[in-house]
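So, here come the structures, one by one.
Shared between the two complexes below is subunit A, which pairs with subunit B and subunit C, respectively.
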Partner chain A sequence: MSMQIATSLDEVLAALAAGARPIAGGTDLVVGHRQGKAPLPESLVAIDRVPELAEIADGDPLRIGATVTHARLMTDQVVVDRLTAIADAAALVGSPSTRNVGTLGGNVMNGSPAMDTGAPLVVLGAEAELASADGIRTVGLDDLWTGPGRTSATAGELCTALVIPARPASSGSAYVRLEYRRAMEIAVVGAAASVTLDGDAVASVRVALTAVAPTIIEIDGLEGLTGRAIDDDLLAAVAEAASEQASPISDLRASDRYRRHTIGVMARRAVDAAARRAAGESISVPVNRALGIGAAA
Partner chain B sequence: MSELVNLEVNGTTYPVQIALDRNLSGVLRDEVGLTGTKEGCDDCECGACMVLLDGQPINSCSYLAAQAQGRSITTVEGLAEGDELHPLQRNILATGGVQCGFCTPGMLMSAQALLDRNPDPTDEEIRIGLSGNLCRCTGYARILAAVQATAVELNSTSSS
Partner chain C sequence: MTVTELPPFVRADGPDKVSGSGRYTADLTLTGMLHAAFRYPDVAHGRITRIDTSAAEAMPGVLAVMTDADVPDVHYTWAVADRTLFARDIVRFEGEVIAAVAAISPEIAKAAAAAIEVDIEPLPVVNDIEEALAEGAPLVHEDWASHTADDGIIRDGNLAIYSALQRGDADAAMASAATVVSSRYVADASHAAPIEPRAIVAQWEGEKVTIWTSTQVPYDARDGVCETLQLPASQVRIIVPHLGGGFGGKCGFHFEAHIAALARKAKRPVKLVFSRWEEFVAPDRRREGMIVELTTGLDADGRIVARKGWVGIDNGAYMADCAFFPQLAAMHVAGPYNIDHLSIDAKLAYTNHQPSGSVRAPTAPQGCWALESHTDELAAAAGLSPVEFRRRNLVDTGTTGPMGQTFDEIGALRVLEAAHAAAEGSGPLAENEALGLAVGWWPSFAVPAGAYAKMHGDGSVQLITGAQECGTGAVMTLRYLAAEELGIDVEKIQLVYQDTGAAPFGPGATGSQTLLNHGRAVETATRDIAEQLRELAAEQLEAAPGDIVLADGVASVAGTPTASIAIDELAGIAAGGNLLISSGTADVPEYPTLEGSHCVGDQGMAAWLAPQFSCHVAKVRVDRDTGVTRVLDVFAAHDNGTILNPIGAHGQVEGGILMGVGQALTEGTQYGDDGTQLNAGLLEYKLQTIADAPNIHTTFIEIPTANAGPKGSKGLAEAPNVATAAAIANGIAQVVGAHVTQLPMTAERVWDTANGTADQNGASA
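Let's turn to the complex of A and B:
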């Protein structure tokens, strides 16, 4: 086995071209190996010391470097103020040590349908920037995630950043997940919403779902809610659409029926919290704690 | 195949000849010879293996030793000054926060990282700070008390 510790993007891309796999925090890669899910790759390049991958740049678009950790996402002022659903999600990942080394790029590229930052990125319109020795391209997340643990990126491609259009005025976002405990948990189901208001009416609303399909999915058909007030009828319509469009599995942690029901509840709560944030209400990160989801401390 | 890796642990550089797929906790225990760091689950669930990497907690059972090159590692052995216990160590003994002691090194490292970044944590913040560490003996209340007592002690010495 070999391990190269890279300090520049060029070094990383050259290593990938020569067949190495990137390792950022290793919280999926090394843990998967220890759990016997997959052997370690023969050749690794550590990307956690490449300055240009660790930047958060404000502007239009906003740009979050792939190796920004969950610990930074949950406290960075730009993310908390404007990309709040991402901060909500990052704050739920694992424990302080997981968040300290686990990265946004690792979460996205690992491709799990239960990844917590995925649904927030989708509702905020994020695209992934992929670089290789041959150049740079940007892909939508629906084209990136092709199945559980699978992406359309080639082995030579590194995710360098997640790129997000600047948020309009009067908009807010939120991510909630159903969890049985408050740490070291993965989502039973989760939902992210972004809402833009025009006065009291919805100018736009997007909702995406975690852990109810082979990949993160966005709910279709919410355009019809434009112009309506955020009220119980609207939230019920969101919940119904989420439950209908989910295709959850049954496993040890929850039955498909339970997931189908609770995804509606999560979707409704996410839209409600996003709309309240859009209206200027301050709801602390993560929304899960503010709403009291998860076992009592 | 093994390679020479330099690890900086508690301020001392240790050259170790290791296979590159080895985890940091195993190398600390078996090659560096510091056995304070424990291995409980060995796959990132219990926190017994917590050490600090550049001052921040990591689960060393699930971190490759080779990736820790060029960083500074702090283990529980790095807390005491000679024979003088660190206040966290003194307080966890005084409050009865140690029973079998298996979780204790990991708890201490998470608590140390927490107090370094937040010297005056609320109870909720302490619970979150220790949320990656399992204890099967104490019921946690006395561990929480030890961290609270240490925060009070450190804040009163720094303000006097």
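Let's turn to the complex of A and C:
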């Protein structure tokens, strides 16, 4: 086995072209190997010391480098102010040590349906920027994730950044997760919402769900909520749509019956928190702790 | 009231452990050392039809492969000798060792273990307590009538041990009751889950073997090696480096003999380090699954007139140390209540699960959870508050326990009032919050133990004790007991411990016994040295030995403080003559007697020496939409006799409560239909994290207890783990309107209970 520590993007792309796999924080790759999920690749290239992959750039679009860690996401002012759902999610990942090394790119490219940053990225309209020796392309996340642990990226492609359109005025976002304990938890179910308000009425609302389908899914048919006030009826409609569109499994963590119910609860709470943020209320990151969701405050 | 006499102190081994400079068994490396790996079956029950080790033996780097054929033909363990070191013909649980390999690297050892060819014909799996006890169930031990066993053990199907508590006439009294309430509660098995997976290193020198091992009980480990490998005690030395926690999981004898036998065969030192999966499935120390059915009758004033009960306990595939569990569990579901008419049957059933064994307060957290949930149901039926109901029914000083034991001074009612008052005074409750209250009790176990003490010529002291540190820090208190007896600074006292080659027998870190038993031995041994010092001083000061006072490093004549001599100087004098050495074994306190009661299958658990009482009140908040429960505060009051080291005592209570929160909410082993554990790892077996810890408020009701440990102390390792899950259960029930009848009370189970859909959650024992 070999491991190269790259310091520039070109070096990384050359290594990938030669058959290496990227390793960022290693919290999925190495832990998965030790659990017997998949052996470590023969050839690895470490990407965590490539400066251009670790930048967060404000602007339109906003750009978050692939190797930005969860610890940075949860405290970076641009992310917390404008992409709050991502900060909510990053703050829930693992433990402090997981967050200090685990990266956004690793979370996205690992392709788990339980990834916490996935649903926030979807509702914020993010696209993945993929670079290879042959050039750069941008793909929507619904095209990127093709199944549990699978992406449409080729072996030679590196995710360099997540690219997110600038946020309209009066927008807010939030991510909530059902958790049985307050650290070292994997999402049983989770939901992200982005809400833009026009006065008291909904201008747009997007909701995406974690861990209830083979990939992160976005709820269809919420256009009908445009123009309505955020009230119990609207939240109930969101919950119902989430429960209906989920296709959860039963496993050690929960039954499908329970997941189908709680995904509705999470979706409702995510929309509620996102709308409150859109209306200017300050709800600290992560929402789970601020509002006592899941394992209450 | 505080009667503590010793100064509060921070344990001496703390800095080593926190900074990483402490050495654990897995850190040891010896010249030429090999690495061990075990071969396990892939099934929970089956007949071995073929084992072929030749491919493994032929692998480069493999120096020894062993099976049942390579060790003496010995059946072992406590009460029923149903066990061999390596599986013989039948495998009875997924973690049973079929073969062992020693190789030059852990990777080669693992590959070689996998290369051993084993054919197993699957047998029907006994996967549940009631199924095990049912007529016509497949037998876990077809041949167990042929094993040697303690007198009085009836061998009947899968029934391993049967105990019953009988007092008065429960049927007649029940018939006269004003109110009768019946309940059924089912607790899943759980685990000790110490942070350090076990490790063992064995090295032979000639006929003698030294075994470094992460055990809580060095002498039990030694005796197990001697019994199974047929070696005299003098040839086996057990040393325990720092131990990374135990919680009971490292009590008993486990794999020391396997590694010693491998090392002998390979003619090299051999080391074993368990993976987390192995730590979950292989040791015979799992907290037992349990079913509790209780029916209690009350009179018109809400006083208990009769209780009938049935307890089923999952023993797993082999007898570890569970023989006393049925009777102990029966005592926990009888509870610390005044009950004149009692009839409780308790059955320990063989299944094809990993063997159960003493995990911190065995049978108590589940038994107390079932009983105290039932007790809140009784209070509701009687129209009384939980605290008032308990006031009317709890035992206390001078009253008689469920099995006829009359109590000396105890703090049962005082802990109830103290915890209740602390909780009530903690401010208003928010929506979906409640205070749940539970009381618990726990016995003290007195057994013989020994200690040596020697004072060197410079006045420093070595205490040599069979005590074992398992995380509690209690061992550290031994130094303070000795310092007080000798009147010298505690810094002058060093401990030699965790080594059977040096120390006299002691039970080790088991059953809350460190201070209770080793403490009495240390007091006796050092008191002997103090006597010798007084005699020496008396000669020097021309006074009577009885008038000599030892304090602050000085021996002086009572009433004449100017007539004095430094203890260091006395030590120097003794070094040139009769050395200051001593040994001590303390008299074992006398156990209380039973009156008017009848025990079937008595295992000595029906009357309790120096019983410990606790009351926990948990402030819980339930997220009604999801069932997720968070424990915000626990108000704990404990009667554990005199508290010797307040810092350590608070740590014990806090740790016990946090473990109790895990048992209450997230920790439960799930079994597949094939009898294997589905969540044997820390990803899916959810321990509590420090982020989940409630605020813990502890009050000690200190009653110096006669006929107990040093200075009137009782134990404190297990008692804090008894009542927490029960208190949380009663809090949850208040919020959701019904009791969750399965443990752990997972979010989904709480949600189902709140919605009346609990029957859909696949309730299984």
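Here is the rule we use: the second predicted complex is superposed on the first by the 293 of 297 C-alpha atoms of A that agree within 3 Å, B and C clash if a C-alpha of one lies under 4 Å from a C-alpha of the other, contacts with A are read in each partner's own complex, and residues count from 1 in each chain.
Following the convention adopted for this analysis, a contact is a pair of C-beta atoms (placed from the backbone, for glycine too) under 8 Å apart; a residue touches a chain by one contact, two chains touch by 3 or more.
If you're wondering where the values come from, they're calculated on a predicted model, not measured in any experiment.
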If you stack the two complexes on chain A, which partner ends up touching A:R49: first (subunit B), second (subunit C), both, or neither?
first
Partner chain(s) touched by A:A254 [first = subunit B, second = subunit C, both, neither]
second
Check whether A:A183 is in contact with subunit B, with subunit C, with both or with neither, and answer first, second, both or neither.
both
Of the two partner chains, subunit B (first) and subunit C (second), which one does A:T262 touch, if any: first, second, both, or neither?
second
With both complexes overlaid on chain A, does A:S204 touch subunit B (first), subunit C (second), both or neither?
neither
Kindly classify A:L40 by the partners it touches after superposition: subunit B alone (first), subunit C alone (second), both, or neither?
first
Looking at A:N100 after the superposition, I want to know if it touches subunit B, subunit C, both of them or none. Which is it: first, second, both, neither?
first
When the two structures are overlaid on chain A, which partner does A:V30 contact: first (subunit B), second (subunit C), both, or neither?
first
Can you pull the subunit A residues that subunit B and subunit C both touch?
35, 95, 182-184
Can you name the residues of subunit A that touch subunit B in the complex?
1-3, 5, 23, 26-27, 30-31, 33-35, 40, 44, 46, 48-49, 71, 94-98, 100-101, 182-184, 297
Can you name the residues of subunit B that touch subunit A in the complex?
1, 19-21, 23, 42-45, 47, 50, 53, 56-59, 61-64, 66-67, 69-70, 110, 113-114, 124, 127-129, 131-133
Can you list the residues on subunit C that touch subunit A in the complex?
621, 623, 625-626, 628, 630, 665-666, 670, 678-679, 681, 683-684, 686, 688-692, 746-748, 751-752, 760-762
Where on subunit A does subunit C make contact in their complex?
35, 95, 178-186, 252-255, 257-258, 261-262, 265, 292-296
